[in-house]
Amino acid sequence: MSGVEPIGAPVPPGDPGPAGDVIHDLGFRHYDGPRLGRGWVVRSLLVETVRGVFGLGRPARSKIMPWVLIGILLAPPLVLALSVLLTRSRELPLSYTAYPVAMQLVVTLFVAGAAPYCVSRDLRHGVMPLYLSRPMTRADYVLAKVAGLSLALFAVLASAETLLLVGALLAKLPVGDQLGGWAGGLVTAAVLSVLLAVIGLVVAAVTPRRGLGVAAIITGLVVITGVAQLLTAIASERGYDALASYLPVLDPYRLVDALAVRVLGVGAADGMTYPAGVGGALVLAAILAAVVAGGLALLVRRYRKGGGL
Amino acid sequence: MQTTGREPAAAQAVATHELTRTFGPVTALSRLDVTMPRGVVGLVGANGAGKSTLIKILLGLLRPTSGRAEVLGLDCGTDGPAIRRLVGYMPESECLPPDVSATELVVHLARMSGLPAEVARERTADTLRHVGLHEERYRPIGGYSTGMKQRVKLAQALVHDPRLVLLDEPTNGLDPAGRDEMLGLIQRISTDFGISVLVTSHLLGELERIADHLVVIDGGVLQRSTSTADATRLSGVILVEVTDRADELVARLRAIGARVAEGGGQSFTVEPTDDAVLDAVQGGAADLGVGLVRMQRRRHHLTEMFREQEVTDVRR
Amino acid sequence: MNPVVMSLTLRGLLGRRRSVLLVLLPLLLVGLAGLVRWASGADPAQTVPLVDGLGLGTLLPLTCLLIGTGVIGSEIDDGSIVYLLAKPVARRTILLSKLVVAWGAALVFAVLPTVLAVEVAGDEGARLALGVGVTAALAALAYVAIFVALSVVTRNAVILGLLYALLWESVLGGYVPGVRDVSVRQWALAAGERTLGGDAGPWGVTSDVALPAALVLLGVVTVGAVVLGVRRLQTLRLTPAE
């Protein structure tokens, strides 16, 4: 086995060795410096997660999927801006809050690729004991992963929103309106990022097998969109309008959109009708909070049970 | 929350007091009372003996049902994170992701232990050198041999300069040469690096070589806690082998009241209660005209502890 | 065909998590069919969007993907295929046995539920059911063969199969005309269209592809996939995961 020296071999010439220790050539240097606390640890893990989602620090092939999807997501804003210029309309054909909903397939694919990378690998290879034997708790780990994925998603969505703004300004649309819309778009992007991150990580954490997490997330989100549409159509066909206003919310993209409509007062994507009034807004907010909190709890529980230590 | 400098040294590495842990009807640890000194401590126990439960409690990841446990003077129930800052753990199981290199993994884990970024990188390079990983540290772990993987696991346990390392079956899956190297490394960790070690193993022979102290656990109950020196000290027995007429020599020795146990063939053991017995052996052999092949003091072996246990078990 | 391989495969397929999904998806389809019936009053024309869109377009290929990757994909992934390959059974036999089990499972978990959904959602004298049944059966035949072959060829079969089933068949098939000619679903629909005869038009079961061409393409793709699968299994190299 070349390159593996037996323990106790003399230091190769040219290696200066640790300073000041004359008795042992290979002295083990003790560390008396600062040991940073949980905040640093969580931050480190978060940064590591975000970098991994974008393929940084990983081989080239893992950069393809995320960046191709990002490219697809960032291309239309410029096209939209162009269409505004050409049609001389007074507003963007697709509002800031409607954009993620319209591009939901691409966003779903991105989450489906990123979430399993964040958690499935650690579970599949039993790495958790190495984390848990360190000064961090399971909750820290979950928090770092959720925050990391949310941050990465938000970065992508926010970039798209900002490109929309740039396009709109270049197309000479009124600045005030656009800035307001853009701000609203950022807020919805943030909420959507957290929601999708939690959902994606929960699914990924229960499907550690290779490829299964990706498939499960894509399938789940696509099927639920289709089912929500169908159920809404059925309910409104039969005249259950109140129910028909709640059913779209089964789809996470629509849940966030509905909140945006109620809270920010923007127009709904695709002209959907959502639960009306303050009561409706409260119900929507409650649903959102419940899903996020429930997802986090499930994640912590998953690591408590199957963490390996 | 930062700490600088080393905590005051605790006399004991690990101390438990009436430590009990139950999982419903199953008792994993039962009133375990043991102190493990600094140095190399061997923990012997079959699977299911409570070993992993004990490790989880020592790492502060599991609360005892009753009793206390202390690691390096810190209470396991309340100071878990502080303990994990000072302790390194080398798992027995497969725990390495195959698509990163050793350097990347250990740097990442060093940061997870609270080391600042630059320090993590430096100490990783040092530690990997100490465990004997050189150019291969830049290749993905998936292509490593078992020996190299064990070294990576050890490196991540050492990189943050712990006060105590818990090594779970460190020689698992290694060939004899690898075993020797790992045992040598463990000894160096204790003597050269000044880090206390708690090693678990199924192989008593290994522990005999490197452990200063031994703890035996079975069924969650402490069986033995003894220093290796005591357990393997020169036994008070002499092995005698002659060329012929051993039975007559035995009879003579018994006549003068010495305790003799026959060993089969031309050898037997005798307890040298005083010099008269030794003289009697030599004189008797000369009288009988037989050659004295050997007179040898025997050492105890650790396996005797288990044979004793077996015998008492059988008698019960 | 080797009965032992078949029974082992069947047992593996119906183990825990995967079987939960295998049952869940058809239940979902039939449940939705019930709701559609309630909403539309058992009108066959209303049944078709559900069955064609969600059923044939999404749930059928998904179930076939689950089955196709389930019969051989996970074994290759964790390396336990070695035990099977080391037995004195021809690799062709192994693959064909697994394929037969997969086709049978697809019949039970994909084709029959789709037909049932038609009946539940609203039909006229089981004619639509027949047409849909023919479509579903042919599509399942091809899908399963494709996905089994994919599982042998690549480790990423699940993702690729998913992208194919959802992106190619469902989404792009809806927007890009050229794609529709190279789509298993369209080929299968051609057969369904012919089966329904005069009802096909009003009920909306139409295909862009002519029947002879469709059948030929289906046959070529199915047989080709089987051949590819066998070939690849015969030269399979087991590498460590990732």
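Order as written gives the chain letters A, B and C; numbering starts at 1 within each chain.
Operating definition for what follows: contacts are C-beta pairs under 8 Å (C-beta built on N, C-alpha and C of every residue); 3 or more make two chains touch, one makes a residue touch a chain.
Nothing here was measured: the structure is a model prediction, and the numbers come from that model.
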Nearest to the mean of all protein Cα atoms is the Cα centre of chain A
Greatest centre-to-centre gap (Cα means) from chain C is with chain B
Note: chain C sits from chain A at a C-alpha centroid distance in Å of 32
Whole-angstrom distance, CA centroid of chain B to CA centroid of chain C, is 58
Taking each chain's centre as the mean of its CA atoms, chain A sits from chain B at a distance in Å of 46
Flagged in chain C as touching 2+ other chains are 241-242
Two or more other chains are touched by the chain B residues 98-99
Where chain A touches two or more other chains simultaneously, the residues are none
Per the touch rule above, chain C residues touching chain A in the complex are 28, 32, 35-36, 38-40, 50, 53-54, 58-59, 62, 65, 74, 77, 155-159, 162, 166, 171, 241-242
Listed in rising order, chain A residues that touch chain B in their complex are 1, 3-8, 18, 24, 26-41, 44-45, 48, 57-59, 121-122, 125-137, 308-309
Touching chain C in the complex, chain A uses residues 105, 209-212, 214-215, 218-219, 222-223, 226-227, 230-231, 233-235, 237-238
Given the complex, residues on chain B that touch chain A span 1-6, 56, 59, 61, 81-82, 84-85, 87-89, 91, 93-99, 104, 108-109, 111-116, 119, 123, 126, 129-136, 145, 147-148, 156, 158, 160-161, 181, 184-185, 188, 192-195
